[in-house]
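Order of writing sets the labels: A, B, C, D, E, F and G. Residues in every chain begin at 1.
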Amino acid sequence: MAKRLIPSLNRVLIEKIVPPSKTNSGILLPEKTTKLNSGKVVAVGPGARDRNGNFIPVSVKEGDVVLLPEYGGTEVKLADKEYHLFRDDDILGILHE
Amino acid sequence: MAKRLIPSLNRVLIEKIVPPSKTNSGILLPEKTTKLNSGKVVAVGPGARDRNGNFIPVSVKEGDVVLLPEYGGTEVKLADKEYHLFRDDDILGILHE
Amino acid sequence: MAKRLIPSLNRVLIEKIVPPSKTNSGILLPEKTTKLNSGKVVAVGPGARDRNGNFIPVSVKEGDVVLLPEYGGTEVKLADKEYHLFRDDDILGILHE
Amino acid sequence: MAKRLIPSLNRVLIEKIVPPSKTNSGILLPEKTTKLNSGKVVAVGPGARDRNGNFIPVSVKEGDVVLLPEYGGTEVKLADKEYHLFRDDDILGILHE
Amino acid sequence: MAKRLIPSLNRVLIEKIVPPSKTNSGILLPEKTTKLNSGKVVAVGPGARDRNGNFIPVSVKEGDVVLLPEYGGTEVKLADKEYHLFRDDDILGILHE
Amino acid sequence: MAKRLIPSLNRVLIEKIVPPSKTNSGILLPEKTTKLNSGKVVAVGPGARDRNGNFIPVSVKEGDVVLLPEYGGTEVKLADKEYHLFRDDDILGILHE
Amino acid sequence: MAKRLIPSLNRVLIEKIVPPSKTNSGILLPEKTTKLNSGKVVAVGPGARDRNGNFIPVSVKEGDVVLLPEYGGTEVKLADKEYHLFRDDDILGILHE
């Protein structure tokens, strides 16, 4: 029984990216190097409401890789997989390679 | 004497979903697996007021299955059944199967 | 010397409903069953002011039976009877039978 | 040298009503009965300012008998008589006989 | 080198009125009687800004005798004389004889 | 390598005025007399933004001698000279001789 | 795998300027002299939203050298280089030589 979540308002559902702890060639990476706190956007809400009741669209979209704050967010488990919900405002930025 | 409650403003009346603690075939589930905090929307208020006194409709509707925050909400007992009142903003999202 | 109170702004004057502690047939009810915190609206204020100074009417009316929060409200004694003043926003909902 | 005070903004000058502690026929009243915290409006300010700088008139007028919160207000002594200043919002309602 | 201060925004420069501690005929007044906390307006700022950046004029003018709150205000010494700066909102009212 | 700072938003760059601790004729002044906390405006920001994103100009200009609050402000060292940054709102007033 | 970050809303990505701790001629500078807390703007967000949902552009641009507050900002590591994210409002000013 898989569940899909449509976040409410300006909430964003994130699947955190667990960085590899060793390189492809098998060298163990020091812990500091691997610590970038990023995640993939899985689903976004319709946005917060402005003073007139209209939605302000969230600034990220499904598939974006985003930089996350070290603290905050709400842990959610859907279909045995762990996700996090963040407010759009709390996302620090979008990462591009 | 059954009572029906029309929540005020942007309040939402929720009947929490108690997850099965064992599978149909009788296997006991570990506690962690069963912990998704969800509920069914039983009734919704007319919405909060914007600056001009108009109602901003709530973002969920009767029958929706919603994801709830771990804390918060007000316990209410109506006709011997336990419900919870949540503010529309505090509902984390809508669950679809 | 009976006194009548017109609540100010969005305040609502409530007469709390004391639930019967035994049934008509005389059976004592356990304390938990009787604990629904409700009251009858006796008088309502003209409403809070919006940004332009206009009144936003309160969402309940005289005679409504309302669900009250467990805490809050101001106790008032008028003509030897006890009442409570609540802000319109703090009323949880309207009860219908 | 009697002084007259014009309250500023939405402040209201109140002369508290000290309830009689015994009836006309001389019977001492129990303390609880006499405790209604009321006062007479002596002077009102022009009102608070809205976002455009216009005054929002206060909701009580000179001569009104009002219900006061148990705490709050600023004690003021004018011409040897004690008064209290309350913000218009803090007045609980207007009492009518 | 005398200095003149033009208060900024909605600040008001006040010279506190020190009440006489004995009457003209030389009778010492009990401390309570003399305690009315009043002052004379020496200078006023252009007012606070509303949402559109316009000034909201302060509600007192030079020469007004005002009632002051017991606490608050900023002590300022100009040309060896002591003054106090208060925000327009904190002035309790204007005194007339 | 001298640096010039353009303050952001409604910040104001101030060079504090250190009052002489003795008179021209060499008499030492008691500490209290010299304590007026003033400064000279060196640079001003473009102003804070109003609700529509427009700048609200700051209320002081380069060269003004201003009265400063006893606490607050951010110390900044530019080209070996010490300055302070204050928000326009925190400046108490403009001093004229 | 180099990563580029587009900051969200009114966030600004800063590369802090580490001041030289000795002069070109090799003289060690005392610690105080070198302490100006500045940085170079590497990337800026689209700006915060106003009440109508429009972006208010940030007040600095890529390449600007800015004065930073002593505390605050979020440390971010991108491609092994250390950066800081600041809100546009928290940047104290722009430095010019």
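In this section, a contact is a pair of C-beta atoms (placed from the backbone, for glycine too) under 8 Å apart; a residue touches a chain by one contact, two chains touch by 3 or more.
These are the chains along with the protein names UniProt gives them: A, B, C, D, E, F, G = Protein groES.
Everything numeric in this text was worked out from a predicted model, so none of it was measured.
S.K.: Copies chain F and chain G touch; is their interface built from the same residue numbers (over half shared) or different ones?
M.R.: different
S.K.: Roughly how far apart in rotation are chain A and chain D when fitted on CA atoms, stated in degrees to the nearest 5?
M.R.: Resulting rotation angle: about 155 degrees.
S.K.: With chain centres defined as C-alpha means, what is the inter-centre distance between chain C and chain G in Å?
M.R.: 55
S.K.: Measure off the straight-line distance from the CA centroid of chain A to the CA centroid of chain B, and report it in whole Å.
M.R.: The mean C-alpha positions of chain A and chain B differ by 24 Å.
S.K.: Specify, in ascending order, the residues of chain G that touch 2 or more different other chains.
M.R.: 51
S.K.: Which label fits the chain touch graph of this model best, line, ring, star, complete or other?
M.R.: ring
S.K.: Could you give the sequence of chains met when travelling the ring from chain F by way of chain G?
M.R.: Cycle of chains, anchored at chain F and oriented toward chain G: F, G, A, B, C, D, E.
S.K.: Within the complex, which stretch of chain A touches chain B?
M.R.: Checking each residue of chain A against chain B gives 1-9, 11, 13, 45-46, 49, 51-53, 74, 76-78, 80, 85.
S.K.: Within the complex, which stretch of chain G touches chain F?
M.R.: Going by the criterion above, the answer is residues 32-33, 35-36, 50-51, 54, 56, 59-60, 66-67, 69-70, 88-89, 91-97.
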